[in-house]
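Got some structures for you, see below.
One chain, chain A, appears in both complexes that follow, with chain B as partner in the first and chain C in the second.
Entry: the complex of A and B
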């Protein structure tokens, strides 16, 4: 989602150059590297927590996938085949060292986790990324629109509506959308049909799930954009621009928006986690061929490698989005905190 | 989970109607959900009509997928959702208040909370709930409450610590600390009483968040199990009969949506008018 955000950045050359010596590019690269290391460490800690957390649970994969009438010997046999009798630390290390090569381990049913999620996760990612992009465009546009006429009828309508929608769970929004756009008007399909390659067979099947995800998040982010613009509008340089007779639209795009960008970017970045989680829920309603179905069967089977793998992927995606938000803030503030 | 800090930031300063008027809808709806099970005309687990029967006769809102009375299940299905959300909001707010103040007084605790929140932001709440319900198969509602509390706490502590910092740095608290007062005395008697407005707002926001989490868990069937009447579960179970009896899905959807909306309205009415500092995430 860097596109719409970073395009609008006007880097304040002055402070950046002073801090960076003569080479601002090097400075930014070093900072980017540091942020990257920090994000990687945080992700590794999360994965360790998830892996050990699931390991400490009462049941295990061998038990959950057992069939009726299996003896204790069979169970022990399969536990051995799945490697469940080895120490947690050893298995965690095996799993972690496979990650850089794209190997997410083996599921309780003996399949490769990478294969299991390789068609489903991109589908979910398409859903989540489209929703995030739409959220960014909608919330920045609505927030700016409202900010141009503070206190006006439009501002009140935007603020009121965004307040109203953002606490409503995605599945409730989805039910409303299905009622209106599928059952009453028949404009859009209510369920997703997958092609042979596992992707939705028509783009129209993406519209309702994406909207269901976007509506609550757009509500939340519009409020953030509106508040960030409000805060930034009180800055002295904005006042100067207004007194100089700069047209309001130009004040907004050249003086207010750049300063508000870090807050807006952080808000959108935190949305990415909620969007991925919401995608799992929305997929259930629309029968969308994403990670939701994989995840619910994995939870039923206590399939640690699958759950840890999905968590790793989701965590990596969220890390990347947060990283972008960090970079936006760094570029805008020129490294000042 | 950071919705909370952002909500605080993004609250509109302009709506001027009286706070009571904006809290009232939420109070009425919560009260209705609490007494609902007693005024339900039928038992929630007995069929009174054919599956997905349209409204009419015995069942005002028709029947669900087993022919049970939708209206009765609607009236009965909100209490546990509301009670769980209230419990989560109370526990998170109380723990966050104490931990936040300690964090403001003792920087080490503050840093630990920051790091934990940094890690948890990488775990989508839905995944977190699935993990906890998986680790605790018989947990049901309790597992959801524990998960929601654990996942929401770091962000709430962050917010509370932010509000506590200026109070903790004020002269009289420093004087009390220099006078050798014990930590808990400082927390309970010096700092907390000065954070009432923030804590009330925090409670409202946690309640909004908790309604979302508990409802989503219900929909994913990781909390309450099928025979139970639960709004989110009703939406999931009856979605196959949307064409036959839309009310079986629409009524609980409206209930969840209205609850989220009213509670949200109340929460923003409770938030203090000052201190609209932008997002505290990261």
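Entry: the complex of A and C
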């Protein structure tokens, strides 16, 4: 994953090299900085695509937010108010130049985009992070458990179930959960209601949406964990450990798992993107006050500033998670080199 | 709020006593109290949790902004007052305007403000506040369609309690127009402060966040008793989630939940279904100006080919009523004496033949999925008219495309309208030759003349007579095929009482609601 950029900048030789080589923190920081620059450029390109993409969709924000019966003159006025009569490049530049100050522009309905996303986005992050954490714990635990007796009945059961579970879309899981845990048993709230601070009014409201997101992703990641452990188990140092008579559990935790970590981290990082995507669906079903609802309505309204704002935030978060995964890999492999 | 044990005991005793009294009363002929009325006396107190549809990205706090969200409109209507509100008979009732008088030519209208009307901050409402608000409304991009025929310069104050509106033309139904979005805010409110401008309505805003809000009772409201302590409005993106919330007891009222939700909840005895008749018209528009449906005989044939009862049963799940191709079914002046059109395939075929209609061709019926049932109505219609020999293919369009490319232009498409309590409203908006939203491109000099006469006539009886003429012409030859009217459907928990039953904007008049518990 280390791109050509990193290779070029790596100092060739001399005291600097020893400095970087001796102090992994510095090396990691330099690497993080470079990746950050690369990702920022990527994000800018992505945002440009969002602007042009919305432009290409039929209809525009002025039309989408108009009331029936507005004449062509009214529409032109609305277009002007929203700045839609200016070239897309100009609007893109305007919007981008507000970014450093945290200004995400104004929605087609006249609300500040920063306000619109400021409660919704953290809510989605909480949901996504909880689901990611739960996914990580579940998949690593299940993967390890299955790996202790490769090919055994338990291994087969875990592998089979995880495949089956991954194949179920989030919305099916979500509808099933509501039916069973809320409408039939009444154990948990069916939907999420927000309080004055914009967050769910009770933690119990987080349970079902989190589960709906976790179940498919845990299935997927268990498979990755299981495969990564399998690969690592064939490594020479593991075989040496086994031959030395190290107990299986210790082999797993001290010899197999560390080597498999980079793959597992990458798998989980990829899941974070899918989790954010799945959140859109799950949030609708559970009425979760997250970014999904904001995004879907913004697309319907061709509301470019809102769509771009959400894209920027989601892009930033996913970049950070990927960066973290890269760092995990760096630390693990760097330590061994 | 902490309750002491003594208070609890007292409350328990009071409830017990009420129950006892109720039991002693005329127990047998008293029907089970219902959401809409019931014979019980309204009781003060409680918080009503209302679910309303809306999209977080489309939230607006501006009472004069574009209210795409049901939830926003509900909140604004409870915090701010309009000059007039919907009624049953007559269809326009006083609110912030206590009374109104027209000039003889029906162009100048004077609205006298309600006595004792105060903003939530205690300041009395003056005519200047209203003038400011109406001018602000008029200056929005939708202003011309919200206050048609009234220019900003013709909105003036007379003294402190009278607002004068001068229309460009005679308009007997001008007060009807002031029911919709004429929310009044204090004079001089800036755009920056508009979200927190005090209103005059039955409830005060406690908090608002991302489309959710809590409103508390305005004890100083001038227009009647308000029973609820508070209303909490919860925004829902999907009707399904809103129904689930109601079924799980997380909300007390699912506002405008629709027929599908009503069907879901039908098996639950503890859920009340409130039907508000004449809520939504979903007519099929046939272009009259040109194209395959320009011949009145062809339009008549299609009107005869449709099976209205089946449409209401299948498209609306029975939550609706058969209509007679005249828009404005809830109008007190709606002409019930015009015979109801029923299905007549023989006559339809004969008319088509007579008109030389090309039955070998397939015609496109354009529709959207903007509201539930709309696309379904198109599909069922296509199946039905096939039996009369007309081949129709349904084409679903993305909402943005539909309103941009098809609406007002297409040969055959579906549309929908909410304000169904005025024949004149539809005539002026969609059928008079020069109307801005002439959906079918219809021009009929006799209709125009009837419209002019009716809106320029102050005498009610005479006007009703003229409106009958107008409706007859509409029935005979307009571009509309109005097969039925959808009910507005609210779902409520067992304890909710006093819900409004009026169609359209009537649904937001929640100040009459109370909780029996």
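Worth pointing out:
In this section, the second predicted complex is superposed on the first by the 311 of 337 C-alpha atoms of A that agree within 3 Å, B and C clash if a C-alpha of one lies under 4 Å from a C-alpha of the other, contacts with A are read in each partner's own complex, and residues count from 1 in each chain.
FYI, contacts are C-beta pairs under 8 Å (C-beta built on N, C-alpha and C of every residue); 3 or more make two chains touch, one makes a residue touch a chain.
Note that this is a predicted model, so its numbers are computed, not measured.
After overlaying the two complexes on the shared chain, residue contacts for A:224 are found with chain B alone; chain C is out of touch.
After overlaying the two complexes on the shared chain, residue contacts for A:107 are found with chain C alone; chain B is out of touch.
When the two structures are aligned on the shared chain, A:284 is found in touch with chain B and with chain C.
Of the two partner chains placed by the overlay, neither chain B nor chain C lies in contact with A:37. In the superposed pair of complexes, A:151 makes contact with chain B only, with no contact to chain C. In the superposition on chain A, contact is made by A:274 with chain B only, not with chain C.
Contacts of A:116 after superposition: chain C is touched, whereas chain B is not reached. When the two complexes are overlaid on their common chain A, residue A:302 makes contact with chain B and with chain C alike.
In the superposition on chain A, A:141 makes contact with neither chain B nor chain C.
Note: residues 57-59, 178, 183, 284-285, 295-296, 302 of chain A belong to the chain B contact set and to the chain C contact set alike, using the contact criterion stated above.
Considering their complex, residues 55-62, 65-66, 68, 141-146, 206-207, 209-210, 212, 214, 234, 236-238, 240-242, 244-245, 247-248, 250-251, 398-401, 403-405, 429, 436-437 of chain C touch chain A. Residues 2-3, 6-7, 9-12, 14-15, 118-127, 130-131, 133-137, 208, 211-212, 215-216, 219-220, 222, 232, 235-236, 239, 242-243, 246, 249-250, 253, 256-257, 260-261, 263-265, 268, 276-279, 281-282 of chain B touch chain A in their complex.
Looking at the complex, you find that chain A touches chain B at residues 42-43, 45-46, 49-50, 53-54, 56-59, 151, 155-156, 159-160, 163-164, 166-172, 175-176, 178-179, 183, 220, 222-224, 226-228, 230-231, 263, 266-267, 269-270, 273-274, 276-278, 280-281, 284-285, 295-296, 299, 302, 307, 310-311, 314-315, 318-319, 322, 325-326. In the complex of the two chains, the chain A residues touching chain C come out as 57-60, 63-71, 74-75, 77-78, 81, 107, 109-111, 116, 119-120, 178, 182-183, 186, 189-191, 193-198, 283-287, 289, 293-298, 300-303, 306.
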